[in-house]
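Here chain A shows up in two complexes: once beside chain B, once beside chain C.
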Partner chain A sequence: MRKHPEIFSDAALRHIKTGGTKPPGEMTASELPPMAVSWSSTEHLPVGEWKEKAPKYVRGLSPCLTHCPVGNDVEGFVSKVRDNDIETAVKLLLAENPLPATCGRVCYHPCEDGCNRKELDGAVGIRAIERYLGDHPEFKGSDIWQQAKPSSGKKIAVIGSGPSGLACAWGLALLGHKVEVYEQKEKAGGLLRYGIPAYRLPKDVLDREIGRITDVGVKFFYSWKIGEDRIIKDMLAAFDAVFVAAGAVKTRQLGIQGENNNNVWSALDFLNTVANGIIPDIGARCVIIGGGNSAVDAARSARRLGAESTILYRRTCNEMPAHQAEIDDAIAEGVIISELAVPLEFILEDGTLRGVNCLRTRLGEPDSSGRRKPLPVPGSDFAIECESVINALGEMVSSEDLTSNLQLIRAMKTADAWGKSMHPSLFAGGDFTGGERTVAHAIGGGKRAAMAIDRFLLGTKNESLERYRVGGGPASLASYLRSGDSEVTAGGIRTIQFDDLNPAYFPARERAYLEKHLLESRDFEFSEVEPGMNQAQAIEEAERCFSCGRCTKCGLCQIFCPEGAVRKNNKNDLMIFDSHCKGCGICVEECPRCAIEFREES
Partner chain B sequence: MNEPQAQTTELLTADHCKTSGGHLACQGCGGALSLRMALQVFGKECVFVIPACCMAVIDGPFPVSSLGVPLMHIAFGATAPTASGIRAGFAAQGKDEILVVGWAGDGATFDIGLGAVSAAADRNDDILYVCYDNEAYMNTGVQQSGATPRAAWTSTSPRQAPKYAAKKDIISIMAAHRIPYIASVSPSHPDDFVRKFQLAKKIKGFRFIHIFSPCPPGQRFEERNTIKIARKAVESRVFPLLEIYNGKKLTLQDIPDPQGLEEYIKLQRRFDHFSTEDRKQFESDINTHWHELHDWAIQSGGLTGENGKRNS
Partner chain C sequence: MSVRLEKVALTGNQALAHAVRMAKTQVVAAYPITPQTSVVETIAEFCAKGEMDAHFIQTESEHSSMSACIGASMTGARTFTATSSQGLALMHEMLHWAVGARTPIVLGEVNRALAAPWTILSDQSDSMAQRDTGWMQFYCGNNQEVFDTALLAFKLCEAVLLPAMVVLDAFVLSHSVEGVLLPHQELVNQYLPLRETLAKLDPDEPHAFGGMMFPDVFMEQRFKIEESMDIARGVIMECATEWDALTGRLLKPLHCYHTEDAEYIVMCLGTAFGAAMQAVDQLRSKGIKAGAIRMWQYRPFPTQELIDTIPDTSSLAVVDRAVSFGCGGPVGTETKAIFSGNNQVKVYNYIAGLGGREIRSSSFEKVFSGMMENTASQNKINWLEVRQ
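Moving on, here comes the complex of A and B:
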């Protein structure tokens, strides 16, 4: 014992040492001088009965999930990248989408339009992260194959190898079926290969994606035409089911004089020719008619062939259906946009195209599409000189090729959201059946058809497929594969808005910016415009994700609970100990991502 | 602000010194939360002295206790001397490693116990004195204390007879004693909270920690907003987060762009009656205090960023 002269006299210390009693530290309760001492804990007090409302951990949907037409588990793969678990991220992505490297380049990212972070400092660069994962060289189709179902012995034909056909083939293969894909052209990819220019989607990237699909056993047959080699009836007899995704490959007619001139191209023919590596002779000046994505693709391709390209559009840039970023890039690359103009007739001299006579328009009242209707301005004629014209008015299904095949026309017209037609074993999807014509929508449609076909072949037909929709929107193949509800497809799940989140825990952080490689001179230059991310950049961008509506076990609810009522169970999941929780709601208020909800006590 | 650092979360959610639930604090109590967080930092090797205050009710009536460590209830003004006595007793037994904590409210620190706190600080007794400040005598029915801000409602300073003085500057009073360590913390900033308590645990001599402790029934706000109000108090400069070494060197967490004062006032019904005049006076009190501290910080120690890193 150490001496403490200020407080204890020597006599006092001697008393403690030798007074016949133990030192105070070793005394038991009964040996202490009389005083009130509490020996038991408050643990058994039922203070939880005070509460009127109880917090509950509830999964919410982040808007990126419901906005993705494919049905990608966006929040899932982004948060795995954030945790540097690239392998799981790739698997989550591939389970829903066989073409991540493609979507990571050409998708118009509705997910980013829905991202709650845009309210703070710009949406998370989801597309760039998807591209990083899609480009990751280490993962093959067989990696995801191992999670898939055993063989069913059923055989399905897919007509058309565009995004919808590929997605359907992939989905069916994962579900254990044998798939044969029939393609009109010499290579697979459809619009991805023959419509989208290489500066947006390099062909070797597409080859890698298709390689992943052949990895899982899908067989491809090329140079096959509907109605030539085998007619649909034979096919329906030979296969357990047939999925038609023949695309929309016919360009709308302009309906003006001189349209059949050799130097008047349709946009798809032009892009197709360029994609085949043939340099078409379009002269020094090219006029592109239309305002959609294929118009912009054609204009930028024409620039790359060395021509001066002018887009003729009947409304203004603001009404153009093409994606804004594409329009901006086109302008930066020197494409001229002549707004408020319609072509009247082509100027021909001895059969040679010399230019286009045009008329100015003005914008009138909004039409049924909500856009203001262009009205011709009388007497405003003007001429544009050019050596070639590209018609990019838009694409439609080539019904001439189908006239001999009533089955197909009926399938095209009667296909529902799941691709089911009047004929029980004939399914259809993609641009072929209409709806929104984007790569992502086509993939989504193909995937839904794969699920519907599987259900037709094996399942209980009465059971609705609607339960596999994420928040009532896109369908999830992963939860169908598990043949059960997942958290995100459960009914009544709410979508989290920015106001539901607690922005106090999300300091501002700039979105990653990658310098584009835009065309600078008039060189033949089809190298890729947009750069990809490296792993560090992808992780950094993924760290900006809020993970709206999903508990990331950040621990704030546990830290801030005054009662210590938030605990981890032996599975390491957070739970609320009901008999101590007084229902103050601090955890509900503080949760950064709205993963806890306050519910009235029943 | 970021989510807390991994080691902070680990420490604050660890099971090693689980305080028992079932304590008797009101819903959303900032004091009970601070006590729980502090105990996570202290561990089992500590002894508490608690005077008459909310915490004397919260920790449980006889024969129960929620703290999980030895605790002595004592008369209102006697926290500091009792803690000093216990410390001396342990010293006499050679038990230097045991931390003695005096844990008192603003009433027992700013007003009733101030003389005793001053004496213990003057002797530089080796104790950690913690004042959880909810800006009134909440336990007995919200009576005005020295910590009550000017013109804020309490049951003894209603609208008709408001408090005329600004909140007492307890930090400067304690700094005048030149004690080794003074810090102010808010439960809304766990990284800062843990770092300062860990430091205070290590330092020898009289240490003083001032906790901003929102009180839903007394300050009259919705229980769920406790942390939000604490955070707004820091972000709007109402409650500056600082450290003072030996009464001289002050480091202040800089708030270059104060925000949320409007919401801080609006969330609490004790400010409901504020006229534009009251509002201006309140803001002016805050600014005066802030600028005194800010000047002091620039002269002596410096300003720091959010994680205690020095600003260049």
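Moving on, here comes the complex of A and C:
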């Protein structure tokens, strides 16, 4: 095809390439290019002066972080799994939580309740991803976390090896302290070993987790009865600090006739016996009194021993404090729930338990817990026949069993959120310090106490620990290890909600559900009910994570910026050139995860 | 080179899609609208099946489609979109922009009347309303011509740096099947090599396009558009001749039927030409010297071709399928302007076939008798077959 110099002459092309030789107003039509085209790039047009508002990259918090009672960097480890960087993911997780395989099984995943993805197509399966990382066989504690701080020469005693004690010991070890854990039973784990049944948390999984803690130098002493073998006052003298997390072990009494019968178990004793591999004789029918998680654990354990299990609960299923998934699984396994019923007395024949006399209730006005109060229905008596009863009304803390020193009892009872008590070197955590009684909360409390102890031993005592909280909620040990050099504990950080995100970039993708192995017939082995994910499944599930509030360098801002003001520097970080950003806000609007904020120009 | 031909039964829309595929178009941005939709649907299928290596962008409106096309074309990509009626109207702002930015975009325009009242049927009011945007326009008479015109349009546009519309009547062409000869890909490659661009959006050699122009150069830019339109007249002939040599099919600004000795001539655009030729046959059988013209090339307007074609003493009725209210049909008024200094050629303007109303041979016979019996007005619009 012939060229048409009238349209685009060589002279015009030269002008574009090398710059004008004369002002455009003096050029003829054929000297001019056919379109308005600059002789140089837009870098010569500092349109940045136009703007009234400027975009800034800001770190926001994914709600999973603020919801996690442990203080896990949830988005951090999930996004590392997404990138197939498993080692970093494990490291991020273990920096906050020594028990990922445990939490990955038994935590009631408040993170998933907070997950923004639930507004789209179901929360990310965070717990399953955590479990995958916790179960990963390649990483031992010492591989992943050597002692993070130089040895301090300080020595701390931890009383109790439940989740709180283990978390505190792990935190202190990473902080460079010598830790000795004193446990009353023969093995470590506390409630994790002797309370939670193996079908939810296999013992070998727990052993591996504890192995990781011994890996970093924590020493365990078993069969130590505090108060008898050694008294706390002596320990306070022998150690630089003492952390008490002895748990809630005293069963609440039913207060009805026949309670002391041999076939009336406390839930803790029953679960403890089963955990020790002993098969208790509970007969063909077992009644469990209570509506919490230990009631459901006991009922499902009784089913595995072959008994017909009936949970007797004074309100309805809707008010049961047990986790809904556990209740559903229990029902699926054949556990009967007798709602709106309270026990009146046990039926005994010649000292043998034959059943329970009960009374129906109805729900009245809400009480102080916000739940509707059960009121007895006169004349509604009925009897349930059974050979055994398990009392699962709940457990209480008993400081008196540890010491008779009233001052120390008072000190432990008044410990604050960081475990600090009125006695400077005495700290307390777990069920001892009140609050929600979950594994995750216990771990969170143990971790906070580790920071408080470290601060007490080495730090500036007046400096507040509050700055290590993530979005004002859980505390981050990783942030503390780096002396606060952390994005997630920065002051004023905002938690990102679903409305802040740009869902156009997140196509619907169903959450992965793995089929549970629910009980079909008697199972003395207590085989695990929930299966774990393999690496491909974990990565696939992690790909569903929005990474709310964190720039993943996806580069959409760079693609959409009409001025080319968004560039990547040599570290591959995105930057906005103030001189060329005209403040149109397209990057802010397009950012899928709300990692750019539009701020008024000052 | 051997000319391997494959005759395929295609609708006008499919023929257009095949041309876009064989042109190795690189970017297609579009929004669906009846009766155009099957054009881009077919292209989307080509892309999905891997038969075409193009970026297919479904936008949220035609305004965005044209904007995306302009951006893509500025990077040097061969770019296509298609629309109809309201969609084309929504593009209006960006149609001007495409011309001013000198982006050689090809647009498949399936003629559909503009609302209100709603209709999906054909007339030329949508494309005629865009006649002043600077887009070249070609009105096709059959599906083969749709295919051929689209390939020519890419070649032409890229040579003169102006965009073009390939216009086809709704349903009569867009949804009716005819046999279409598809050439071998190598032949198309030879006819239409990859696009060459002198100045483009390129991160390696950054330039800003479309910036502000002050009065000292703005008019020169407008002059250059008109100059390019003039150049296009010649380039169209070159492209058509080359295609004729390769395929034996000649695209012409005006398709004429018995005009050489004609005393009475009707002129239309698009598929109504079939009925016009039938009417000519009818009149010729009665010894009346009738003729018919189909205008394929509307912009640039084939002024000289018309002067050369219309016999010295004759009557010419321009049948418009669009109306510029308060003046007349767009083609009719422009044709009148050409012959305004010529007392020997009488030009009449008829409006017919709006909103899908059929123009039959009997309709054209009425046009002829209007000229012959002097009942038609030269000064006013003649509304054909309208109940007054």
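Methods note: the second predicted complex is superposed on the first by the 549 of 602 C-alpha atoms of A that agree within 3 Å, B and C clash if a C-alpha of one lies under 4 Å from a C-alpha of the other, contacts with A are read in each partner's own complex, and residues count from 1 in each chain.
Criterion: contacts are C-beta pairs under 8 Å (C-beta built on N, C-alpha and C of every residue); 3 or more make two chains touch, one makes a residue touch a chain.
Quick caveat: nothing in here was measured; it's all calculated off a predicted structure.
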item: First (chain B), second (chain C), both or neither touched by A:Tyr505; value: first
item: Which of chain B and chain C A:Leu406 touches, first, second, both or neither; value: neither
item: Touched partner set for A:Lys51, first chain B, second chain C, both or neither; value: first
item: Residues of chain A touched, compared between chain B and chain C (which is higher); value: B
item: Which of chain B and chain C A:Ile586 touches, first, second, both or neither; value: first
item: Touched partner set for A:Ala565, first chain B, second chain C, both or neither; value: first
item: Partner chain in contact with A:Cys554 - chain B first, chain C second, else both or neither; value: first
item: Touching partner for A:Ala284 - first (chain B), second (chain C), both, neither; value: neither
item: Chain B versus chain C as contact partner of A:Ser40, first or second or both or neither; value: both
item: Shared contact residues on chain A - chain B and chain C; value: 1-2, 4, 6-8, 13, 23-25, 36-43, 45, 564
item: Contacting residues of chain B [partner chain A, same complex]; value: 1-4, 8-9, 12-13, 18-25, 27-30, 32-33, 36-37, 59-60, 62-66, 68, 85, 88-89, 91-95, 187, 190, 216, 222-228, 231
item: Chain A to chain B touching residues, read off their complex; value: 1-4, 6-8, 13, 23-25, 36-47, 50-51, 504-505, 507, 554-556, 558-565, 568, 577, 579-580, 582-586, 588-590, 592, 598
item: Interfacial residue positions of chain C with respect to chain A in the complex; value: 100-102, 155, 159-161, 198-199, 206-214, 216-217, 220-221, 223-225, 227-228, 231, 235, 238
item: Chain C-touching residues of chain A, taken from the complex the two chains share; value: 1-2, 4, 6-8, 13, 16, 23-25, 27-29, 32-43, 45, 564
